[in-house]
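Take a look at the structures below.
In what comes next, subunit A is part of two complexes: it sits with subunit B in the first one and with subunit C in the second one.
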Partner chain A sequence: MAEVELKGIRKELGGNAILRGIDLAVADGELLVLVGPSGCGKTTLLRLVAGLEELSGGEIWIGGRRVDALPPAERDVAMVFQSYALYPHMTVRENMAFGLTLKKLPRVEIDRRVEETAALLELGALLDRRPRQLSGGQRQRVAMGRAIVRRPQVFLFDEPLSNLDAALRHQVRLELGKLHRQLGSTMIYVTHDQVEAMTLADRMALLRAGELMQAGPPLELYEQPRNRFVGGFLGAPPMSFLAATARVDGAGGGRCRAEGRGFSLELPGSFELHDGREIWLGVRPEDLALAPVAPEGRLLRGSVDAVEILGWEAHVELRVGDGTVTARAEAARLGALRPGAPLSLEVRTEGLRIFERSAEGGGAEPALAAAGKGARAHVG
Partner chain B sequence: MSASAALLALALVAPRPVALWHSYRSEEAQALQSLADRFNASQDRYRLELLSIPFDAMSAKISAAIPRGHGPDLFVFAHERVGSWAPSGLLAPVAVDAARFLPGTAEAFRWEGRQLGAPLAFKTLALFFNRRLVASAPKTTDELLALGGRFADPAQGRFLLAYQSGDFYYHAAWLFGFGGSLFAPEEGGSGPRRDEAEGRAGSEGRLELDTPGAEASLAFVAKLQAEGFVPQEATSALVTELFSQGKAPFAINGPWFVGELPKDLDYGVAPLPVVSATGRPARPFLTVEGLYLSAHALEPEGAREALAFLVSDDSALLRAKVARQLVANRAAYDDPSVAKDPVLQAFRAAAALAIPMDASPRMQLVWEPGQSALRAALRGESPKVALAGADRQLRALQRPPPPRAAPWATLALVLCLAGAGLFFARRRPGTAEGGSRTAYAFVLPAALATVALVLLPILFSLGLAFFHHRADGGYDFVGLGNFADILASRGYAIIEPPSFYFTLAVTLLWTGANLVLHVGLGVALALLLHAPWLRLRGLFRVLLVVPWAVPNYLTALIWKGMFHRQYGAINGILRRLGFPAVSWFSHFATSFGADVATNVWLGFPFMMVVTLGALSTIPQELHDAATLDGATAWQRFRHVTWPLLRPALLPAVILGSVWTFNMFNIVWLVSGGEPGGTTDILISEAYRWAFARQAQYGYAAAYAAIIFVLLAAYSVGAQKLLARRESA
Partner chain C sequence: MSRPSAVRHALGHAAVVAATGAALYPVLWVIKMALSPGQAFDPSPSPWPRVVSLQNFRDLWGLGGTGHLWRELGNSLIVAVATALVGLLSSATAAFAFSRLRFRGRQASLAFFLATQMFPGIMMAIPLYILLDDLRLLDSLTGLVLVYSTTSVPFCVWSLKGYLDTLPRELDEAARIDGATSWQIFWKVILPLARPALAVTALFAFLSAWNEYILAATFLGDARKYTLPVALQSYVGEYHTEWGHFAAGAIVVSIPVMLVFFALQKHLVAGLTAGGVKG
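Let's look at the complex of A and B:
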């Protein structure tokens, strides 16, 4: 077991910067999830830790040892690949024993460890099969077994669940969480699936275009997004954004309002805003409720763009001015809502997040001020 | 009524066609055409029609077409085949006044008392000399050799005498000059050797090469080479080059040489010198080209008339003038324009000494042993031993054919085998049983084509393996005699080159060595091409596939040139590096190595391409996983790459081994079996039996059948192995 420290990690490939200086620490026994959209560099970061790619700059420390100049085998890490990368010509047993055999461990020791790991993962009956005789879930477990059997300091997971169907993914996710608690090892886990990230992570690191957007416990990222990108990335459906202008009534300590095309909302608390400031208003779906009547200042009026019924719940896209917000509602209460129909939503303004609005923001404009903690106790 | 009468009249009046086949080209063809025009103009009963046939195809076409009535009335060919065609009844007698022709030329077409052709022209060898370097030709070999010190300097690529010293046709002149012969008198026969007595190598007596004269002649040429007077392993192109560029003042060559020399070269021609040791002239072979009358001619009368016209003195003169042909007619040489042509006159003088080539089919047996004795002597073996070996080989080649057999026993055996085969085939559960007619109809065209193009030739050649091809063209049924002879190694020791087992061992060694190197090199290069750090990958990929794209006989000829003892690039490099030059085709190991090197060059791209394909199917993540598991580059190859390549490579290896097993072109063109037939493989051995040893088609077919059985068994075994692997 060991902690991992990444200092100023940079990676360039053919003149393109893939990673632009990542600083990140993973505590001993912690499960860190690297998350981000495709091409954000999260897999590259993982491969750099594994030693499968060479650094362009920065340092990697594992367990107090600087490893970035060491070959992969000496870093004492194990990796579970997206495709599992099982050796097709070897049996499950041989697959799991391969690394140990190369280390020239005694036969007895190898057998003991393989049996032990197989028991842990319920692979005992499959040891003499070849990978192609296994189901997807079984292969996935073998891939994890091959990592576990080596007892590495750090486990690296590269989207290990993405090749499984939805039902199996849910189950394996739970097993993985359990396994992490059992083994208590340091793990770095790459995924683009925020549900996996939210549910598994002790801490989460969100990357975008080679830069670290925010790192912290999942809830912290959800509730206190440091910028518009983090806000928009987490949550399903994601946070909606409305372009608005701040209006401050009177001088000092007055009430703030956000005005945009077709709406005017009251802002809670004391935002350090001056009159006329251009802002993005971030609205989470759960902060919108169907309400024919609501006080002015908490009301959004618009026309329905689309309705998606998912069963009990439904998502409603509402066009407000030139923006769109997504609301979550009980499907039964919607009735026969058709696109084009007018609709009013009540905004729980305590949940609103405000971000800078400027031309050069590029989607990651910083948050201006966070609402008070505890205001969103109902989330989770 | 009147119309048909008119047609009849027309048929009577219109000249009737007389077909003549020839292989002449350029001036000789023009001369013949203008003679045909003259003949057609001179009378109106017959019309002589010429058809040009490629020289290489002529003999086979004549043998095949005439008995079936598709042949010509007249054809032009050398006299050597008289003994083969006469017994088959292909030739009809013609009237020739021998006195009108140079001595020996008309007689060359006499076979068992009948004149079976009329001479047109002759070919023999003479001594060419470069007038800028020497004033005249030496009269004796001593005179010739005395000039050696002045002209020969092998290190500078200069020689005294350029000729194809390794070719038995050229060597025969020395052989006869030293008193050697090809035929020994029969036991109990008396009198001198026929070839000496009558000035020709007659068909009587048995073939024998090991004579004191032959020994002396071999020692002589070995010395010529050892002194650096003649170039080693000379080809006709090299001879032309050396003589044209003044790098050799003398050359021995035939009349065709004239056309290959630059127009401005000042040279003379003289008969070959007298062998000082014996006081006899060196006597080259005389080959006479003549007109034959087909025994199945449709217009025999017209053909005789045309023949008489074409061999007349007037026609000969035209051929001599237009084509500078060495015509057989004495009178032509008295014509003023021919009389002052020194080349024609010199060859005429040379012809007087030349020995007409024996026309019996047995003569074809002489070349291979003669050649191998000559080559052995040139690479330094004792002439005595070389000749003894040649005679052993001659006896093996002349081994009596297997006894004729009653077909019934063999037929019964074949039927039994076929029946058993069918029985077992039926017992296997048929997948297509009750298959729809439509399906069979779709397959039918392909099936018919396969039957016609594959199955019938196979059956034909299998059938041929049960026959002995007689010298007169007939076939005797010999049952399994050919197979028995091959497998019992009848006529030669098991551990000597012509033996089946020796050749089989060489073939297996050949196949194994090639495959190991093909796969090794192919996989290594594929791994290199696959390496992520490689730049210009596309370029290398194309370059490395080039050897595969070049026709393999071209590659073989190029490599053959590179392995040349004196002029080859490989010896050139060795010399640069300070190593002695290697005589590649003089030893089994180097000769075999040369073959293998050539074939590896040809064969590795296939394995490389297969490997590249297979490599691209191995996911990078497997290598990553192995890397993390702590595997070194070699361990990754050994435990991950190689096991995953194997399934893709195995079919390629099976295919490649079958190709290599039968890779005739390389063996034939690079080493040609040298030294002494040791590097021959089964397929080239089979070829020799069919085309270089008295046309023993049956024996060759039996070889082919054995090769077929070996390869069929091998691929069935390999298929089973594959299937087992796949199911595992």
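Let's look at the complex of A and C:
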């Protein structure tokens, strides 16, 4: 059993609060992906778990043992660095065997484990090379191998694929997922890449400026963002936000509308907002469709700001009032759409997310609860 | 290649040949003096000897003459090698500590080491003389090694620390996670990677001791303890200079230096460029 529990983790460096009370648990055998904008403290959190940095507050438990006072070697974790950090003067075999040699394991056992791991990662033919004689992808696998031979309770990965090109990244990502299923070990994985995060994660944790925004299965974060930051962070292209005011028409049987500059959308019945409430409307690109005709309460009219064609698919930025929304469309259907042209989009209002709009929200205004089923947003 | 660039090529070569000639001329002159019999100064500009003889070298080795070059060469080697070893052994561990460990007084000690480098060596001659006298280490090679180490160790620490600082910290961290102690990190990870810098450092310490004259002449009174530079100087008298012996001695002094340079050349180039490009 090797669950990892982080309790109230705080870290200060040079007088700055880098992490401000992180509570997070990773179940045994789970792969937790840590995401967040650059500088939010992902690496720092990983280094704290590894024991490379000292906590300023809080507790770290691994496998039911409190480890935050233990040196790295006694925590039974392995870390794969972004730069790989292979020992340049050692061969691949020596790199992988280094930790085991220090533990004074019998030679035969070391050889057996190294060969076994090399076979798993298809490194067999490279064992006698030095790191500088390897390609980026091969180095990456050696770094992984050096972690795997030690059979640690917990693996820590700090953006291990960020130095690889897109094709190789795709391949190694698949291998990594397979490896995780084979080894069944607990893993904490830091990445910038949303695809990596979505595809690898059992659970995902999103950090922002040293605070945990939301943790849960990737789809839960995608579908039920707890606040505006989570909503805007996941998805490519990202969710667009329109400033609006809630209106409750007495005549409409208590139905809610969101009114803003240049639009008036009907909200699904599940939202119960009082009249005049200031809100952010979160619109995902996939909930916008090109539609010349649509019911009035589902229509966004505006002018085209920019069109990006990516092959089969295209992204259209539409200026609506003083905001913009991004829509995803089939490129072939766009014809010759030029910036400045008027365009109408139909909104799938069931997909709308609604967040509080206030001066002090700072980009992370909480989502407003929807009463109905299907949209169980948590107010955080 | 077009014509003008071929001309430029030739001109470039001519310039390089001229510069090489200018640099070699004095060397050839020294060789000429060493190979010419007798001790007179020959003012002719030709760099070639009129008569070739090895008499000057024979004299130096003490073959039928009065020289003790073997003894002086031995003394110099002992002093220079010992200075290099002391410099290397004490500076490698110190540089590792300064580069990798955080401890109280780290900044202060580093600054202190630097401060010792700011005094010209000659300024310390008198205090060192008194110290050596107290320690009964005047006229001894051990004393000379100690004196040379006072200047070479701080320099070696700084230059080696500078190099260690360029080695990525993640290597230490990876080793720490792998279960290595500080000592094991030093011995198994950092030291093998610092080989080029160690070579440069050792070479510096060796050369500074090998070439040093003033302190050696001050502390060594007994001719049996003379190092090569002191011995060489003894051929230059107040009224009479033995130019032939002096030139032959100069050549003998420079041979070990050249050998060391050639042996360490590969590391030297790597060491001098280290830190410029990662990897």
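What we mean here is this: the second predicted complex is superposed on the first by the 365 of 380 C-alpha atoms of A that agree within 3 Å, B and C clash if a C-alpha of one lies under 4 Å from a C-alpha of the other, contacts with A are read in each partner's own complex, and residues count from 1 in each chain.
Note that a contact is a pair of C-beta atoms (placed from the backbone, for glycine too) under 8 Å apart; a residue touches a chain by one contact, two chains touch by 3 or more.
This is a predicted model, so every value here is computed, not measured.
Asks: Given the alignment on subunit A, is it a clash or a fit between subunit B and subunit C?
Replies: Clash: subunit B and subunit C overlap once superposed on subunit A.
Asks: Classify the contacts of A:His89 with the two partner chains as first (subunit B alone), second (subunit C alone), both, or neither.
Replies: Both partners, subunit B and subunit C.
Asks: After the superposition on A, what does A:Gly99 contact: first (subunit B), second (subunit C), both or neither?
Replies: Both partners.
Asks: One more residue to check, A:Gln133. First (subunit B), second (subunit C), both or neither?
Replies: neither
Asks: In the superposed arrangement, does A:Ala78 touch subunit B (first), subunit C (second), both or neither?
Replies: In the superposition, A:Ala78 touches subunit B and subunit C alike.
Asks: Quick check for you: in the superposed arrangement, does A:Leu52 touch first (subunit B), second (subunit C), both or neither?
Replies: A:Leu52: touches subunit B and subunit C.
Asks: Common interface residues of subunit A with subunit B and subunit C?
Replies: 50-52, 72-73, 77-79, 81, 83, 85, 87-89, 98-99, 102-103, 146, 150
Asks: Considering only the defined contacts, which subunit C positions touch subunit A in the complex?
Replies: 168, 170-171, 173-180, 184, 188-189, 192-193, 279
Asks: Would you tell me which residues of subunit A are touching subunit B in their complex?
Replies: Residue list for subunit A touching subunit B: 47, 50-52, 72-73, 77-79, 81-83, 85, 87-89, 98-99, 102-103, 146, 150.
Asks: So in the complex, which bits of subunit A are touching subunit C?
Replies: Those in contact with subunit C are residues 50-52, 71-73, 77-79, 81, 83, 85-89, 98-99, 102-103, 132, 146, 150.
Asks: Provide the residue numbers of subunit B that touch subunit A in the complex, in ascending order.
Replies: 619, 621-622, 624-631, 635, 639-640, 643-644
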